[in-house]
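Pasting the structures here.
In the two complexes below, subunit A is the common chain; its partner is subunit B in one and subunit C in the other.
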Partner chain A sequence: MQSYVHVILAGLSSGMFIWLVASGLTLIFGVLGVLNFAHGSFYMLGAYCCFTVLKYLGAGYWAGLLLGPLAVCAAGFVVERFFLRHVYRIALPYQLLLTFAFVLIFDNLVKIVWGGGALSPPSLSFLGGSVPILGRNFPVYSLFIIAVGPAVAILLWLLLEKTWYGRIIRASSSDREMAASLGVRVPALFTGVFVFGTWLGALGGGLAVPYVGLLTPGMGETIIIEAFIVAVIGGLGSLKGAFVGALVIGVLSAFGTRFFPAFDMFLTFILMGGVLLWRPQGLFGAAR
Partner chain B sequence: MGKKGMNRRQFLKLTGAGSLVAAAGTVGGGLVFPKGLWAATPKIKGPVKVGYQAVLSGTLAGYGEFHKMGAVMAVEEINAKGGIAGQKVEMEFRDSTLKPDDAIKNARYFVDSWGADFLAGIDSSGQALALAPVMAQLDRVLMVTHGATEKLTEEFVFKKGIKQIFRNCMPVYNDGHAAAIIAKDFPAVKWSTVSPKYEYGFTCWKMFQDTLKGLKPSAQFVAESWAPFGTTDFRSHINTIMDAKPDGFYSTEWAGELISFVRQAKDAGLFDKVKYVMFPVGAAMDVLEGLGKDMPDNIWISGRYFFMYPNSRENNDWVARFRTRWNHYPAYVSETGYSAIYAFKAAVEKAGSKDTKAVIAALEGMEQNSPAGKRVFRKEDHQAIYDVPWGQTKSDPKYPFKVMGAMKVLPAKEYFNRPPFEGPGTTPPFK
Partner chain C sequence: MKAETRNSAAAAAVLLSLCAVPFLAGKFTAYLTMRIMLLGIFAVGYNLLLGQTGLLSFGHGAFYAAGAYGLGLLGVHVSTHPLLGVAAGVAAAVLLALLVGYLCVRHTEIYFAMLTLAFGMMAFSFFWNAREITGGDDGLIGIVRAPVSLFGGIDIPIGKDGQFYFFVLFFFALSMWAAHRIRQSPFGLALAGIRENARRSEFAGVPVRRYRLAVFVLSGAFAGLAGSLEALLESNARPFMAHWTHSAEPVLVSLLGGLSSLAGPLVGGAIFVAMREIIQRFTENWMLWFGIVLLVIILGFRGGVMGTLSGLFRKAAAPGEG
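Take a look at the complex of A and B:
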C-alpha cells in the first residue's frame, strides 16, 4: 500500500511536471501550427535565468521564478518575430530545421554564458524538505508541482474559453485570413501567443530548478522528447489531450520503473504506438 | 595552415635574421631552438600533434571542459619549456558527443585530415569499444582518459592484440572489485543498487556482487533498479529500494545524475534508513561541488583520482597551479588529460621518435610520475596501474564542499589483477 501510494505520487508529480512544459508546446502548435523544437531550450533558459536571479541578484526563489521566465520571453520574441514568421508558409520540415538550429544555438549560448558544467542550485528553505506520508517521506516540492499543474491547466482553459483574447486566438487559429479581414492583427497576435508559450516553457524550467535540482546545458533535449510524446498522445494542439497524456505517461512510467523494470523504457513508446494505431490524431486530437 | 604562419613569424622575431626568410618558409617552426638536449633526437620532425576528443555537448558537457583544462594546461607547460623533444605540441579538441560513430569520425578526421600523431580522450565505454578496431587501422596511439570498461583492455588489447590502445584512468575494477573488498568489512548484509541502465552500470554491479559474494558468502542482493541515460527523476527508483529495506546501497550513477539522485534520495529519507552507502564515482569534483552541503556525511566515495591524494609535493603543487590557471579544483578527467599529454612526451623522448611502433614500445611498462602518484603502464594489457583512495564524506571548513575523510587505499595490484597475469595469486575471488 505504502509503495503504491508513493509510486502514484511520484508518477503524478513527474506527469504534472511534463505537462507544464508540454502546455506551451501544445499551445504554440495549436494556434500557430509550428512544431517548436526550441521549446526545450526555452525550458532550459528559464531554469538558467531563474537560477541567475536566485544566485547573483540575491533574490529568493520566488523572485527568480517570476523574473527568470520573463527574461526568456525576449528570446521567444526574437525567434518568432525575426525568424519563424518568415517560414510559416513553407513546408513543416523547414520549421523543424529552423527551430532545431535554435536548439544548438541556445545550447552553446548557455555554455558560453554559464559554462559547460552542471550548476547546482541551493536547497529551498520554503517548500523544501519532505513530509511523511504513510510512513515514508515525500518531498514537499513535488506536492507543490502536483498542485501547480492543474492550476495552470485551469487558468489556460479560462483564458482560452472565457475571455475575449481567447476567442480571438481561437478564431485566428482556425482561419487566419478571415480573422485578419475582420481586423485582427494576426501577426502581432501570433507573436503574443508564441511569447506566451515561451513563457510557459520557461516557467517549467524555473519550476525544474528545485525539482530536478540540477542545471546542465542540453537539459532541454530530454524534456522536449517527453513533451512531444505527451503532445502526440493527447493529440497535437489539444491542451486537454496534453494534460491527460502527461498524467498517463507520468503514472505509467512510475509504475513501469517500480513493477516492470525491464520494460520501463518501452512502456511510453508502446503506449504511443498503441494510441497512434487506434486514433492517429491522438486521444483528443481533431480528425483531419 | 594558420598555425604554421604563426611559427614563421615567431621564428623571424626570435632570430631577427631577414636573410633566413626563405629558409624559414621551408623548415617551419620546428628548428626555432636547434640546440640543447633535443638536438640529439633528430628523427622527430614538425610539431607533435595531439587530437583530443571529449564530450562538449549535452548534459555531460562539463566533463569535456574538465578534460580540456587538464590537457590544455599540460600543452601550455610543455610548450613553455621547449616542447616535446624540441618540437611544439599542437592540440585540437573536438566534441565526442558520446556517440560511437562520432568518435570514429573524429578519430579519422584527426589522423587522415589533420595529421595527428596521438589521440586521447573518450568518455564512454561504448565509444572506446567502437574505436578499438579503428585504432588498429589508423595506427596511432590512443590514450583513453575516461572510458572505464574492462573489456577495452582485456579483450581488445590483451586478447586481440590491438596494441595502439592505452588507458591511463582507473578501469571499472575500482568501481566493482575494490568497492566489494571495502564493503566486506561492513555489517551490512542486504545490498541494493540504483545504477545506470547500460554496459557500465551492469558490469560494475555484477563485479561488485561476484567479488562480495566470494569474500562474504552471507551477502544478499535484494533490490536493483536501472535508470536509463538522462534520468532526472529517480523517485520511482528510490521507492523500489525503500520497499526492499536493504542495509547496504551501492550506486554507480555519476555526474549530474548522481547529484539529482542524492538530492531526491535525501528528501525521501533513504540515507536515514540505509546506513552503508557506496558511490564508486562519487568523488568526482562535479558531484562534490554540485552537491555542496547537500552531500550526506559518511558516504563511501571514490573516483579515478581525487585531488587530496596522494599528499605529495608533486600533487599539491599541481593542484595549486591548476587552481591558479582555472580557478577550479581538478576533476579526475583533468588529471588523466594532463597526465596523458605528459605520457606522450615521456614516450616520444624515450623512443626518440613519434613513430607509433616506437612509442608503443616506449609506453609498455613505462613508469610515470603524475599528480595521481606513480603510474605504470602494464605491458600485457596497456592499463595504467595506480592507487586511488576510497573514503567517507565529511565536512571540512577549508572547502565549500564535502571531502574524503578517513581515506582507505587498497594497493591497485590487489584488485587490478584481471586477466590474471601474475600466476594464481589473484586474491579476490574474481570469476
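Take a look at the complex of A and C:
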C-alpha cells in the first residue's frame, strides 16, 4: 500500500514535468498549427540557462528559475520571427524539418557553450529535504512540482478563457483571416504565443534542474518524445488532453519502472496504440 | 521515348562509374560510396512513401534496424549465408512494417508522422532494453561476412571490403530498378493520385488505405534491405539505427535532393554523406553546420538540388519565361 502511494506520487511529479513541456507544445500547435520539434531544445536550454544563473551569477534558485527561461524566450523569438513565420503556409514536412534543424543547432550550441559532458547543479537548500509520508521519506521538491503543474494549468485556463487576450488568441487560431480583418495583428500575436510556449517549455527545464540531477545535451530529446505522445493521446491542440495525458503517462511509467523495469517504455506505447485504435483523434481531440 | 533512352543512358553511366570506383579510388572512397549506396537504398524506398504518396513517416529507422537485427540474429543463431541473412532482414522489416503500418495508415499528415515516430521509438527501446536478444546498448556484435555460396558449389567471397562492394552494388542496382518500376507502374500512379487528392482517388475506386499500407510495407522492405547490408558492412547491429534522429535521415536526404524524381534521393544521399565527411574534417560541430544548411534549403531551395537544377535548365532553355 505504502509503495503504491509513493509510486503514484513519483508518477505525478514526473507527469507534471511532461505536462509543462507538453502544454507549450500544445498551445503552439493549437494556435499556430505548427508541431515544434525544437520544443525539447527549449526545455534543455531552460535547464542550462537556469543552471548558469545559479552557478555563475551566484544568485539563488528562484532567480535562476525566473531569469533562465526568460533568456530562452529570446531564442524562441528569433526562431518564430525570422524562420518559422516563413513556413506556415507550406507543406508539413518542411515545417517539421525546420524545427528539426533547430534541434540540431541548439544541441550543438549547448555542447559548444557548456561542454558535451553532464553537469551536476548545486543542491537546493530550500525545498531540498524530504518529508515522511506513510512511513517513507518523499522529497519536498517533488511535492512542490505536483503543486506547480496544476497551478500552471489553472493560470493557462484563466488566461485563455477569461481574458481579452485569450479571446483574441482563440479567435485567431480558429480563423486567422477573419481575426486579421477585424484588426488583430495576427503575426505579432503568433510571435507572442510562440514565445509564451517557449517560456513554458523552458520553465519546465528550469524546474527540472534540481530534479534530474544531471544536465546533458540530449535531455531535450527524451522529453520531446514523451510530450509528443502525451499530445497525441490527449488530442492534438487540446490543453485539457495534454494535462490528463501527462498524468496518465507519468503514473503509468512510474508503475512500469517500479514493477516491470525491462518494459517501462512499452507500457506508454501500448497505451498510446490502444487509445488511438479506440479514439483516433485522441481523448479530448475534436473529431476530424 | 527520347527521355527514356536518355534516362537509361544516364543509369548505365552511373552504374559503370560505380563499378570503377574500387579500382580507381582509394579504400576510403570505396567505403564512402558503399555508405552512399546504403543511404540511397533507404532514401529511394522511403521516397516512395514521402515523395510519391505524400506520407511523412518519422519511424523508418525501426525497419532499418529490423533489417540489421534480422540478418544479425539469423547469422548468430542459424546460418551465416549472406543471401539468407538479407532475406531474413527484409522479412523482419516487412513484418514490422505490416504491424506498424496497419495501425498508422488510417491517419494522415501530422498524426501519421507522430504515430510512426512513436512506434519507431518503441522499436528503439525494444532493441535497447532486450539485452538477452539484441545485446542492448552494445549492439549485436559478431556478424560475419561468410562467402555467398550458390548452387552448392560456387563460393563468392565477400569478406574484404573490395569484394563486399560489389555485393552492395548488386542490391543497389536491383533496388533502383525496382523503385523505378514501382514508380512507373499503375500502382505508382495510383499512389501519386492519393497524394494529390485522397478522396477523389477513393471515389475513383482506389482502395486508398490498402494502397497506403502496401507502399508503407514496400518502403519498409527497402529500409530493411539497407539495414541488413549495413549490418554486414559494419559487422554489427545497433539500437541507434532505430532512433528518430536516424529516421530523419531519409527525410532530409529526400528533401535535399528533391522529392519529385528517382534521382533526387540518390543525389541527396551523396551530398549528405559527402557533406558530413567534409564538415567533420574541419570541425566537430557538424550538427550545427548541418542544421544551418538545412535551414537554407528549406527557406531558399525547396525543390531540392534536382528541382533547383531542372528549374535552372528550364530557364536556360526558355529565357524570358522565368
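Definition applied: the second predicted complex is superposed on the first by the 284 of 288 C-alpha atoms of A that agree within 3 Å, B and C clash if a C-alpha of one lies under 4 Å from a C-alpha of the other, contacts with A are read in each partner's own complex, and residues count from 1 in each chain.
As a working rule, a residue touches a chain if its C-beta (ideal position, glycine included) is under 8 Å from a C-beta of that chain, and two chains touch if they have at least 3 such contacts.
The structure displayed is predicted, hence computed values, not measured ones.
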item	value
Combined model on subunit A: subunit C and subunit B, fit or clash	clash
Touching partner for A:P280 - first (subunit B), second (subunit C), both, neither	second
First, second, both or neither for A:A74, with subunit B first and subunit C second	neither
First (subunit B), second (subunit C), both or neither touched by A:S14	first
First, second, both or neither for A:D107, with subunit B first and subunit C second	both
First, second, both or neither for A:L92, with subunit B first and subunit C second	second
Subunit B versus subunit C as contact partner of A:L158, first or second or both or neither	neither
Overlap of subunit C and subunit B interfaces on subunit A (superposed complexes)	107, 111, 221, 265
Residues of subunit A touching subunit C in the complex	35, 83, 86-87, 90, 92-94, 96-98, 100-105, 107-109, 111-112, 221, 225, 228-229, 231-232, 236, 262-263, 265-266, 269, 272-273, 276-277, 280
Subunit A-touching residues of subunit B, taken from the complex the two chains share	56-62, 64-66, 197, 224-226, 228, 230, 232-233, 235-237, 239-240, 242-243, 255-256, 259-260, 263-264, 267-269, 286, 289-292, 294
Subunit A residues within the subunit B interface of the complex	3, 6-7, 10-11, 13-14, 17, 107, 111, 115-120, 122-123, 129-130, 136-139, 142, 212-214, 216-219, 221-222, 253-255, 257-258, 261, 264-265
Subunit C - residues contacting subunit A, complex	50, 56, 58, 103, 106-107, 109-111, 113-115, 117-119, 121-122, 125-126, 129-130, 244-245, 248, 251-252, 255, 285, 287-288, 290-292, 294-295, 298-299, 302
